[in-house]
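In the two complexes below, chain A is the common chain; its partner is chain B in one and chain C in the other.
Moving on, here comes the complex of A and B:
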């Protein structure tokens, strides 16, 4: 099977007051048609930058794609013209963001905004586009869709706004939907509704989803495959079951072990000591070495590559050498 | 066991802006006749979704928000009856940690001064003793003495939360109110702070009133838990009983909605209980049970009569059909 979206060796840098900082380094990911890829990691690990790069939305300058490729169905995106990207965005690849309120225009009704997205990509009349918008709102579970389509974003609850964003994102039947922390601003019961909706949309529309999250629980419920990122690199990638049940990279294992689970009582949580190093201070070795219990001399001097270890891709010298 | 803090029929009302110049004043009842007991040396978690009144309940219980009615007994003394000077002196026994470690520390003060300030205000000890205590507190929360003279922006989020904890402990309090203390932190850092809070509770014999929307976190830190919905406690009891066999349909739905590593997409999980819609507006609370609109078990009586709390084993549940 060829990948729908294929990111290879992607390197993105930003000009900052510390000089040129590498935000993404040798990032390799792919998502197949109709599946969900979860990208997990802590803040600053590069998961959102990866998504923005795929959308062609990295602000340049200060950002720069310094190397690698992003291919959507074989078409190279890193060198595509802005006009071409505008055609692709929304139609082939769409995105929903963390805070639906700031992603919607406050002075237009939600129906108008969805209709606008439809008319940008499809040759239909304004009335038809609005009718389509109402049907989409109904599809994403908004009650009395025809009336709600005439509401402004501030009249809707957070969960409803995120449903509007999803309706807009799928309005042109994209092949890839990127969801960047889509439920972080929402309550758990509403989060559950949005997750169930995304799974339904995937079943019905056959859209591939890239779910960016910091929550391993969300990955478990949503993802077919998982990529774990740390300090701008992918450190582990495999099926969700493999990563959750037998994580290889010490960081992936740490992320899973430190979650306070509902089922167990008062035992001490396993911590990952220390903090993520600032990107401008990354040395020659593995970025995780300072926090890792398995490090040796090689970890401090040589960056581990993302290698295939049976069922996992992992970037770790300890995994490579069989040290546990 | 003795009660450290006991709230009886605590009610908080906010006055909203008038609809028209001569219209009646509109009141919003954010907390409605809430009663709970926090035993000495234990942690009581208050969980609920945004707008459920969990923070307002805690703030009213320590008199940072004015209560409209009810009693708050702290070591048998009604805090709501105290005059300002006595309340001020009582505050040394009651301290707070906030959600956002960025905005809760003065950016222009050195952290040594931040941690010492409560002792200055309460005139605890001599200046030399205070300096020595700040050093001790730094060690206790896992910060280094050479960091004493730095400013808050020179610390990471987790370290800032440690500073907040040190500041809260400086007056040697009996009660620590923790308002979403780890929500703003990355999971790996979350585990460090949760372990620290658990250790401090044991070592110093502290009691926590712990507000969180994250059920896993509450399960980990707390001994008892109260679940709030639209300004009322709907179910309360020991963590173990409540998490293992919740009786209130809302608690059951909340647990079903929390993302869990046990639910896998690959195994085709189906959420055991789904909630639709959003909580009703507190401006216009339903006549009967507040949860009736979203409850799968609701009958005619639920829409008419608010349920009274009833004992079911170790749990206290406000539901007409909790036993069934």
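Moving on, here comes the complex of A and C:
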């Protein structure tokens, strides 16, 4: 089976005042039709850049896709024309963002904004598009949808706005929905509702979801497979159960260890010592080496490749050499 | 938009006008110079008795507060008094001259906003591009150069070297009896140079302002959302971004309206445009109190109306302001 969205060996660089910095290096990911892929990692690890690359929304300049490929149903996106990408965006591949408070345009009603997305890709009248928008708002669980459609974003709560964003994203029944930390800015109770909604939408619309998050709880609830990213690379990839139950890469193990368990009498939060190195200071070796308890001389000089270790893909010399 | 909002703003406007009338009345009397002396000078010299009889005739020997009361109650009934110099009602003098001024000011305002915004948007699209550099240089020059100099240069260039536009006045004498359409075209032809002269300063400012405002808006999250929907660059710029970037432009447009009117005074003098500017200028030299106050009254009213329109258009541009008073 060919993957719906297939990213291979992707390399994205940015021109900064430190010179050319590699934001993504040899990123390989895929998502199959109807499944959910979780991408986890700390801020700045390249999760969002990966998503923007798939949408064709990396600002160029300063950004540049320096190598690799992104294929949607076999169609190459890295070399596609802007006009072609515009046709795909919103129709085949849609995205919801972290900040529902600022992601909607303040001067248009939410109904207008959803209707616009519909009319960009479907040949329907303005009235029909607005009617469809109301139906979508109803579908994502907004009460009195017909009246809310005439509201401006500032009249809605954060949770409601994220529902609007979801309605807008699925308005053209895309095959892939990228959700970039969709609940980070929301209250915990609302977070659970949004995840439930995304699960429902996936069941009804058969859409593949790429869930970008640093919330391991969300991953365990939503994802079929998980990719762990660190400093612009994928360091581990497997099924969600595998990654959560027996993480291989020392960084993935650290992440899982950091999840506080209730009722175990723990009084201190665990952490991974050290910080993610700045991307312009990455050396020849493994980017995690400085924070790793298992490092040896090879880790300092040679970048580990993402290799298959039974049930896991992992990029780690220690895993490869069986060091524990 | 609620009626209560409009009523409230209108009553603020009326209060403001009352304040303006009182302030103008005292400011003019604080300035040095005695109208009786100027009038008598025009009549060929004066003795103290003649001066006294002039003061008596124009009510200048009454206590100042009494004069103020007479003036305000006149204004309230639409009577702005009679000009010392022309011996005609001020309202009539202004009525004959206000239309050309309004035409000039509004044309210049629309020209500067529309051209300025288009330049600014184009510049914001590529902040390091040629257009951006042009806008920066152009707005620095446009802002620094005095309006009478621009006027004279435009006259030399487009009326003398390349004689495509008329130098002065508002209408050609030989077309005075032509049909409406021909006359309108003739006035538009005469309007080009003065309107551009007046517009250039503000055009430069709007270009700079809309460039900055657009740059800020273009980096916001909802612009990314619009792109993620598959909207074209034109839709993103002119529909999603410009409406949001319009607020600071509207603010400045409302505030600049007053400056535009005082700029019109100079431009009217340079181009011999038959508006209020010339009347204001001459009346100040003649210490013609009622006429000066009348001109100021109408100029202030135009500013108050412009600000009211700004307030209303704010609410159109930004739904977050609706429902507030």
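As a working rule, the second predicted complex is superposed on the first by the 319 of 324 C-alpha atoms of A that agree within 3 Å, B and C clash if a C-alpha of one lies under 4 Å from a C-alpha of the other, contacts with A are read in each partner's own complex, and residues count from 1 in each chain.
The rule we apply is simple: a residue touches a chain if its C-beta (ideal position, glycine included) is under 8 Å from a C-beta of that chain, and two chains touch if they have at least 3 such contacts.
This one's a predicted model, so the numbers in the text were calculated from it and none came from an experiment.
Q: Touch test for A:305: chain B only (first), chain C only (second), both, or neither?
A: After superposing on A, A:305 lies clear of both chain B and chain C.
Q: Of the two partner chains, chain B (first) and chain C (second), which one does A:246 touch, if any: first, second, both, or neither?
A: It touches nothing on chain B or chain C.
Q: Just checking: does A:60 make contact with chain B only, chain C only, both, or neither of them? Give me first, second, both or neither.
A: In the superposition, A:60 touches no partner, neither chain B nor chain C.
Q: If you tally the residues of chain A touched by each partner, is the higher count for chain B or for chain C?
A: On the superposition, B touches more of the residues of chain A.
Q: Mind working out whether A:126 is in touch with chain B, chain C, both or neither, as first, second, both or neither?
A: Neither partner.
Q: Taking the superposition on A as described, I'd like to know which of chain B and chain C A:103 touches: first, second, both or neither.
A: A:103 contacts chain C only, not chain B.
Q: Quick check on the output: what are the common chain A residues between the chain B footprint and the chain C footprint?
A: none
Q: Taking the touch rule as given, give the residues of chain A at its contact with chain C in the complex, in rising order.
A: It is residues 55, 57, 86-91, 94-95, 97, 99, 102-107, 109, 116-117, 120-121, 152, 154, 165, 168 of chain A that touch chain C.
Q: Using the touch definition from the top, list the residues of chain A that touch chain B in their complex.
A: My answer: residues 36, 42-43, 141, 143, 157, 159-160, 187-193, 195-196, 199, 214-218, 220-224, 239-241, 244, 254-256, 258-266, 268-273, 275-276.
Q: Would you mind writing out the residues of chain C in touch with chain A in their complex?
A: Touch list, chain C to chain A: 220-222, 224-232, 240, 243-244, 317-320.
Q: Over in the complex, which chain B residues touch chain A? Could you list them?
A: Checking each residue of chain B against chain A gives 49-50, 156, 158-159, 186-192, 194-195, 198, 213-217, 219-221, 239-240, 243, 253-266, 269, 271, 274-278.
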